[in-house]
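Before anything else, here is the set of structures, which you'll find just below.
Paired with chain B in one complex and with chain C in the other, chain A is shared by the two complexes that follow.
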Partner chain A sequence: MYRGRYVVGVLISLVQITVLYYIWRAIMSGGQRHAGYDWPQMQTYLLLSFLLTLVLSFGTEERVSASIRDGSVSLELLKPVHYMTLRVTELIAALFVELLSVGLCLALFVSTVLPAVPPETGSRFLLVLSFLLAVALKATIAITTGVLCFWTTNVLGLIACRQALALMLSGAMFPLQMLPDWLHTVAYALPFQSFFNTPTMIYFGRVGTADAAGLVALQGAWLIALAGMTALLLNRGFRRLDSYGG
Partner chain B sequence: MAAEQRAHALTHFALLLRLQYRAKSAYRADLALEIVSALLRQGTWLAFMLVLLRRTPVVDGWDTWKMVFLYGLATAPLGLNVLLFDGVWKLTELIRKGELDSLLLRPVDPVLHLYTRSVSLHGIGDLAIGILAMSLAAQHVPLRFGLWTLPLLVVCVVSGSVVYASVNLASAALGFWFRELHNVPFLVQQFTDLARFPLALYPPVLTAIFFFPLPFAFVTYLPTVLLTEGGSVWVVLTAPAAAAVIHMLARLGFRLGLRRYESAGN
Partner chain C sequence: MRTIEVRGLRKEYRIPEKEPGLAGTVKHFIRPRYRAKPALAGIDLDIEPGESVGYLGSNGAGKSTTIKILTGLLSPTDGYVRVNGFDPHRERKRHVREIGAVFGHRTGLWWDLPVIDSFKTLSSMYRIPDATYRANLKLFTELLELEEFLSVPVRQLSLGQRMRADLAAALLHDPKLIFLDEPTGGLDVNSKVAVRQFIRHLNQQQGTTIFLTSHDMADIEGMCNRLIILDRGSAVLDEDIDKAKHRLAADRRLVVTVSDTEDVAEVARTVHNASGLTCTMLDRQRLSCEFGRTEATAAHLVGVIMRAHEIVDFELREPTLEQMVRRLFQQPPPSPPPAEVRSR
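Moving on to the complex of A and B:
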């Protein structure tokens, strides 16, 4: 039954990407290019967007906060493992299952409906690194959202806010170059573009090796900053924690 | 007798809703967060259209503002539905935990009771974005019915909220058969995203889904085409008709499901 639920979860992401797919298809019919992408490239772009949404999906994110919301976090604190270690191991375990399904989806898509464009980058190393960092950043954000539940029980609201911002400002809906200038600047000042924009820019060879290295370094910096902030929040959160025990 | 019962049901419905709202408004921060999250979620799609269509003004005969109008007309009933019928989301949990008994024992229609089991104020955000989108679009799109547009819109939005609620009820009632698949309503919810764009974009199979079993076309797509391109005003009447039919079917599904319901016992 868990498998059934997981499949439904994949379908949910699939429906979301379907909207984007058909709108883009209509817009690009007649061989138009947008932000330098032609239709086959755009299809690959959306495929990447779909796959990265699947990794560390909604369910995983919600589970992270569950122990805080129901109070069982106090039991976890008694164990001789740091809270963050616990969460990170949990996320890695979920990641393996999700990577498997992402792999299956990828194979299915590429062999049937969507022929993917191969990466056009100069540096495979940077490409792989940027994807790994993107996933790590997503995991960190998931834990941060979970930790915020020390202050609010409304985890759905928090996740919805983050998802909405990430959807637009990470480039998952459309290449960030299409944003008006001021919003483009805002997007680059926020961590969301490191989730998706960085790996795709490198994938499609939109940045030179030096710029790519800079973007990857930025991902690393955000990872450290967010992890530090989460640790700080966690510390304050534990101080707020009242639990009954006996 | 039946009329009297219906009047009673409405009073009950209003009373139960009022209680929920009173309880909900005690948590101010949660309330603000919910509304902000709805504004962000809907605002993202609106921004998407404005950004994308700035460069491609016409897609399949739909210009930007007509699409924005459709988006608004699909989002406003979503908001109204969340404000009035959001308790449906509790059904899968009630079934799994065997807690549906408390609803069945009361002398009120269990479906009405279920609808008011909880409320989410993020509907205010959805409703606001929907109305905003429609009024923005109305300044750019010629509306064929002049002042009559307004009552027609009200009919569509109210029917639309019933359609959304019924579809949610039916998909949640699937929980009677598939107890562990409690994310099916979320999947159906995602389809509402598709219905907010011109159905002409999609392949026919997908379009057909929006006539049945998810009849969103009657309350979003068809009325938008009518209001912006003109035609027989009777098209609008298919909206309440579709709402009534799908609501009956959803109730039927719920009642069939109840037969399979096993309480937790005590």
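Moving on to the complex of A and C:
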């Protein structure tokens, strides 16, 4: 049952990336550049998108929210650890399993269809940091979504909403430069671009080291803000639980 | 230091107040109204190290609320609570390190992990020394017969197996105090006996303090030395279990069926003359005599009747816990009372 679910999860991601790949191949068949990317770069862009979309994607929110929805969250308080620590540890464990499968897909892709362009960045350190922060942000927002289940049981709705926003405004589907100016501004004001746009911009050397450092700092700021908000929500959630009787 | 010290513990819940029907639902959606429902109305508890306390009460009496407050899961609305010297809710993380807790209807294990993996996770969570972990694992595996399902994921265990695994999990870190909320609920007779023996063993061999709730009087008789009965948020009884049984179970009932050649009224007179007891006639052949433990023995009564009359059958009915509790609350018993001990 679990094996099946996992395999289906990987397959769906593969279908998504394949569809995206052919759409972009059609768009770029004329040979012109889009948002400054040529075809080999765009292929690598899609690969990165695939990678970051897949990480922490297998029912992470469902898993995080499960204990809140079924009420066993109060029992988790019997363990001598903080709720967030418990969740983060679980996510890290899941990450290991996922990296295995993602790594496998990646190797398969790079060796067959997609010749990846090596990073053209000034700072390897910022690049790695921005990827790590992107993953940390994704984990945090998954926990935030899960914690919202103290107030609503509609976790699927919350996930769909989060996914739609992330898909359009993170740059995972197309580079943010292709958005109209006003939407571009909106995207940069929201946390989603920190999930994907920042690491890819640095990867392709689209920003100077100073700007890159600024974007990474922004990622860090979002991480702190979201984690703080989640901690606050969690606190309120537990107080609510307390007054309703667990 | 007392293991548990509670003064004037109160807990109120907020419950939504909804008017019936669609209109009520809409109204509640737009402007929800709540009222405070008292769950605990001022509880005092003093529990010494090594005691074994049975906490008894009907559904909604406040048993689970008490146990959740003592384990730090819920905060008290009012009152003073100290467990092992900790304020359970405020000092939750340090407090839960010192206790073990099992909630019968929920599992503290990881659903998808094999039992042994859950144990290992707990071992690092509680920072259990390696030697302690191995010694306890060995002991519990033996006492609770865990061997056959240590490598099975928790979701595939039977209820009895899961309960045994949960018990072991709650005790790996050597807590000196354990809370058990309905530990035998839904278990079959064999599993119940295994659980009881295990708890008894902990209490007597290792001096572990036990605080348990149950509906099952046999549970409490089998595991506890002290009985606390809770009703509508207040403790209505708190004493040594043998004394409580003696006092509450004062009235037993002997139901005698005589042969059809006998006159029941005559039999009743015989009993009255011999022991001063007044018996009630149930029908033409049966009569029922209630007597306290101090007034007579069943053997004596049966002897008295048999010497003068021909008996076809007799039953001795011990009052059930339910009857005892009802007696305590001075409510009339329903008829007919269920028999617990039956002898022919």
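In this text, the second predicted complex is superposed on the first by the 239 of 246 C-alpha atoms of A that agree within 3 Å, B and C clash if a C-alpha of one lies under 4 Å from a C-alpha of the other, contacts with A are read in each partner's own complex, and residues count from 1 in each chain.
Note that in this section a residue touches a chain if its C-beta (ideal position, glycine included) is under 8 Å from a C-beta of that chain, and two chains touch if they have at least 3 such contacts.
Just so you know, these numbers come straight off a predicted model, no measurement behind them.
Looking at the shared chain after the overlay, A:165 reaches chain B, while chain C stays out of its contact range. Once the two structures are overlaid, the count of chain A residues touched is higher for B than for its counterpart among chain B and chain C.
Look at A:173: by the touch rule set out above, it reaches chain B but stays clear of chain C. Shared-chain residue A:75: touches chain C; no touch with chain B. Within the superposed three-chain model, A:100 lies out of touch with both chain B and chain C [touch as defined at top].
Of the two partner chains placed by superposition, A:221 touches none, neither chain B nor chain C. When both complexes are aligned on chain A by C-alpha atoms, chain A residues 2 touch chain B in the first and chain C in the second.
Remark: chain A residues 1-2, 4-5, 8-9, 11-12, 15-16, 18-19, 22-23, 25-27, 32, 34, 59, 151-154, 156-158, 160-161, 163-165, 167-168, 173-174, 178-180 touch chain B in the complex.
Contact residues on chain C toward chain A in their complex (touch as defined above): 13-15, 39, 65, 68, 71-75, 92-94, 96-97, 101, 103, 106-108, 112, 122, 125-126. For chain A in complex with chain C, the touching residues are 2, 72, 74-75, 77-82, 242-246.
For chain B in complex with chain A, the touching residues are 29-30, 33-34, 36-38, 40-41, 43-44, 47-48, 51-53, 55-56, 59-60, 122, 178, 180-184, 186-187, 190-191, 193-194, 197, 201-202, 206.
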